[in-house]
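Here chain A shows up in two complexes: once beside chain B, once beside chain C.
Showing the complex of A and B:
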């Protein structure tokens, strides 16, 4: 028995610790700890509800837009505001830009190096690399030049941005030509994220501080010229997704098929729904609201949420719905050596549950909920032309990987990786549709973008989706001031600790049973952890 | 909206919440307020964008970085001219995400984005406040006009002549001091040569 600790879990920022008990090269138990107290909910009390979307978006530097949308929706729900059509379209465009930025950032710059080795890429045969790229439908780049420059850096002993990995781990199993293609795309992805963020900048101001999705709609009134600036950027990003992200996903998958055999998690999936239709009904969103146990679909509402705090650093009551939720911090210490000691608390994340179940959220959950909805006869896109729907994307991918008709293989590490990239393709297709809809909407000159509130009191919920998972904000407003605020953030769902009954959180559960080839270099823990985009 | 990157990019970088680390940003914004540049030149406050800056360099012929530097062995407020690649041994960009600027340039270079690059550095007094804090120390604030003069001097080497601006944000006293500083830079460079 050995304890393996990964802290911090993510490459760029800290705040998340994973501790695993490893026996005979297998994880037998796991604890995931959020190591940073945020306290945003306390900050918001007694402020004007218009402040909430500015302040609460600071919870996340990658998905501030989703937080701002959930927050504004909470206020709109509380004050009985229905956002006008122009506001709906602009918010969809803004959210889409963030989804595409986030998914590209995640695959190439936050998880690809768990599978792709730039060092191994140095052995690539350049002619074979071009042949492989052509066979995979990948846009050709100057692979030879990248290899030459990469070699120069390595020869100088400078791995630069590629330092700090287990490059000699046997888990790096791709052919060097594929390593070279994916490394090239890693670098191009840095530029492509910026293009997506320029869309954000046009609509909402410089990322990561979007300023326009105010309660009531949007403060951005588009012109044809601005929409043209937006369209051309969405087209560029979509081209990258179609000629790099998707081909790379399909090319890499056959070399990591073992990842279809572990990392499944709890098998319960939540999507609050994201990308609004004119009806403003969450179950009719382009990615619809729903819950699934395994591959069986159910309805869901924010009232199904509870938060246990027995294993978290809070002294407030356990098992509350966030509408009555409290945030009273009480740090003890972190010591998992004798878990489960009665007082062992180990995370700033509350154990959030949906219908009492430990529940995964994020692209895999959304794509499964959408897939099941489509298979049940739902038309997600309203027949929009040129859009590859979740079911079409999933079925064709399963087919390409030789597991056609077996969607159950999605419930795995490999499925979680693939689902995020397939979702990016769906969102990129939709973004072009929404730009054109917006151009149509402003033609008459009477499009509305913002709706005022007519009351100053009420309770509301905004339940929406960030790229990495489900996000909901609960607000109580009295006399124009916030008197209650609670947030359940995406990563709280996926990386939460055990609940009052001792049931593990989704990431903890996904880690249990995972093979660990070398406990000194726990690459598999990184792969599983990163697959949730924590 | 800039659809094409400029020929010459002057980029002030740093985190204004960390005292003197914000000097590059200050130099960039003062240049924007006080000078008019030709159409193919852009002065930008790059903040702490890290790897998010790469796309700004595509097509740029000359990149002039303005940044806080430490461990130069000179007193606080000293303005130095260094090659960005000489930053490698000493991490210079202490952004919230700790991405070194040399890594940004390296990543850009690997996909063939390779502008000629130069850097005006300002020796800091303090860029590690215990709590986040906006503001420059006295010697570093005093160095801002000299750093601006150095930027204008280096730009002239690349055929860029900036004219004093007359807008509401411009400061004629500052412009006059910069003119004097620039003459000093030129004479010192001549002596050095």
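Showing the complex of A and C:
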């Protein structure tokens, strides 16, 4: 028995510690600790609801748009505002740009380094690299130039952000030519994520921390010219997804098929739903609201949420729905040596539960909920031709990997990686549809983008999706001031600690049973951790 | 001459298809930001080119949202700018580095032991719950910052949180957040700190300061402050109870947003947006009436703009929320209300610290305090925010005449 600790888990947003008990090269128990507390919910009290829109998004600099949308929706719910059609369209475009930015950045610049070795890429034969790129249907580039650049970088002896890592780990098993292709796309991804964010900046002023999706709709008034600027950027990003992200995923998958055999998590899935249709009904969103236990779908509402704090550093009451939630910090200590000692606490994350269950959220959850909805008869194309829907993407990918008709294999590390990239393809298809829809909508010149509130009091909740998981903000407003605010952030679902009954969080559960080839260099922990894009 | 040189940088540039001409053009742009004449471009290119070894740097995340890291990834002309950044060996950068856990921590320890590095710090300094509000591998975030700061040649505090605690330090500051300079003052660490404001900071401003550091550090890092054009500002840090003097690059805080706003003409003409998403917004009218804090916020946003210059807040229709100001959340909320005096908050602007070198010794600090405007002057202490107006006299007149167009 040995303890294996990864702290800090790098290539994530924020600060996280993973501690595992490893026996015979297998994880037998795990504890995931969020190691930063800032106190957003308390800072917002007594301020104006629109201040919450601006400040609460600063919980996360990687998914601020989703937080800001959840915050504005909470205020709109509390004050009875129905956002106009123009506001809905603009918000969908903004959210789509962030999803595409986030998924591209995650795959190439954050998790790829768990599978791809830029050092190994130096051994690639350039001619073979072109042949492999053609066979895999993935994007070619000047592979020779990238190899030269890499060599100069490595020869210098200072590996900068690539230094100190165990590139000789046997888990780096791709052929060097594929390493070179993926490293080339790593560099191109840096450009593509920035292009996606230019869309964010056009609509919302800047990224990070967008400015325009204020409660009531949007402050951004689109013109045909601005929409053209947005459209050509979406086309570039979509092309990269179709010619690099998806084929690279399929090219790498055969070398990591063992990852289909572990990392499953708790098997409970939540999606609040994201990308609004005209009805503004969450169950009818492009990625619909829903809950699934395994592959069985059911309905869900924010009232199904509770937060346990017995194992977290809070002295407030446990088991509350966030509408009544409290946040009172009280650090005790971090000592997992004799867990579960009665008073052991180990995280700044609360143990959030849906219907009492430890629940995963994020692209895998959304794609499973959407897949089940489609199999149940829902049409997720939005009435547009050529949109590849979640079910179509999943079925064709399973087919390509030789597991056609077996969606249950999605519930694994490999499935979680693939689901995120497939979701990017769906959102990219939709984004082009939405730009054209917006161009049509502004043609008459009477499109509405913002609606004022009629009252200054009420309680509301905004439940939405960020690229990495389900996000919900609860607000109570009295006399135009915030008197209650609670947030359940996306990553809290996945990286939360044990609940009052001792049930592990989804990442903790996904780690248990995972093989660890070399406990000194626990690459598998990085892979599973990053698969949740925390 | 730089144009004739065959340094490693030009090989790298050639590989990426960037001509020397492009590179020199970029250096001119950096020179302009640094307040140097275009004639300085070859000197910048030469300084950038001559280092065969990369300068070591650590990028530490405190109580951050990673938004400043994200912002850095949106830097303009990445083909050139990232090469400039590649002159830094970023030995520790949690969000992008390959290594994790003890392997990552070894990078930090090795760099500190070797010394001679630049420290870039993102996020608030977390002192709450006896420093346990931020833990990395069992160490308190405050201990890591102190150790890394003591041995650094210089520190760049990036983004509002690193500058003064940002939103995390807003009332009632539940996690005990403060800024890098305030924390180091308490700890008695004298390493020079340059602050890059806004939430997040603008990446172009960081690149320019990194270039400036490379220019100076090549000869003598100890002359960094003396050779850099800075403006100072002091404020009362509520957490530490100290009057803290912050140094900013002059190219960032030299004028207000209002001074350089493309909508300024509409302000002069009295053409205002009074409702979001309205016909007035479509015409690009002034956002002052919906709370724009441009008049009292000293940053270069309208000139540099954001995300490779495609837009910035006001251009997209959002009033400035003054995220470049000190204590920006407490001083500027409610964001949609106008402050009752346009000179509120940072009204007096930023002052020339005279001999900047003397600031390090604390001599000029006293002069800054005399000029400084802090929280007290802004009148903001409690949760109700600064004094805001409901309806101005001229508004009443306009309304009597039937309001805005």
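The rule is short, and it goes like this: the second predicted complex is superposed on the first by the 529 of 534 C-alpha atoms of A that agree within 3 Å, B and C clash if a C-alpha of one lies under 4 Å from a C-alpha of the other, contacts with A are read in each partner's own complex, and residues count from 1 in each chain.
Definition applied: a contact is a pair of C-beta atoms (placed from the backbone, for glycine too) under 8 Å apart; a residue touches a chain by one contact, two chains touch by 3 or more.
Source: prediction; values computed, not measured.
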So, after the overlay on chain A, do chain B and chain C clash or fit? They clash
Please indicate which partner A:204 is in contact with in the superposed arrangement: first for chain B, second for chain C, both, or neither. second
Open item on the list: Applying the document's definition of touch, where does A:35 land relative to chain B and chain C: first, second, both, or neither?
Closed with: second
Check: Does the superposition put A:45 against chain B (first), chain C (second), both, or neither?
Finding: second
The chain contacting more residues of chain A, comparing chain B with chain C, is C
Regarding the shared-chain residue A:271, is it in contact with chain B (first), chain C (second), both, or neither?
-> neither
Which superposed partner A:188 touches (first chain B, second chain C, both, neither):
first
Which of chain B and chain C A:161 touches, first, second, both or neither:
both
(Q) Quick check for you: in the superposed arrangement, does A:58 touch first (chain B), second (chain C), both or neither? (A) second
Thinking of the overlay built on chain A, is A:347 touched by chain B (first), by chain C (second), by both, or by neither?
neither
Query raised in the report: So, A:249: does it touch chain B (first), chain C (second), both, or neither?
Result: neither
Intersected contact list for chain A, partners chain B and chain C 12-13, 109, 145, 149, 153, 158, 160-161, 190-191, 193-194, 197, 202, 229
Chain C partner, complex, touching residues on chain A are 5-15, 17, 35-40, 42-43, 45-48, 50-51, 54-55, 58-62, 64, 84, 86-87, 105, 109-110, 113, 145, 148-149, 152-153, 156, 158-167, 190-191, 193-194, 197-198, 200-209, 211-212, 214, 216-221, 223, 229, 313, 329-331, 334, 348, 448-450, 452, 521-522, 526
Listed in rising order, chain B residues that touch chain A in their complex are 1, 3, 51-56, 58, 88, 97, 102-103, 106-107, 109-112
Interface with chain A, chain C side, in the complex: residues 8, 11-12, 15-16, 52-54, 56, 61, 63-71, 73-74, 78, 82, 86, 88-91, 93-107, 124, 126, 128-130, 132-138, 166-168, 170-175, 177, 199-200, 275-278, 281-282, 306-308, 310-319, 321, 323, 329, 333-337, 383-385
Listed in rising order, chain A residues that touch chain B in their complex are 12-13, 109, 141-142, 145-146, 149-150, 153, 158, 160-161, 184, 187-188, 190-191, 193-195, 197, 202, 229
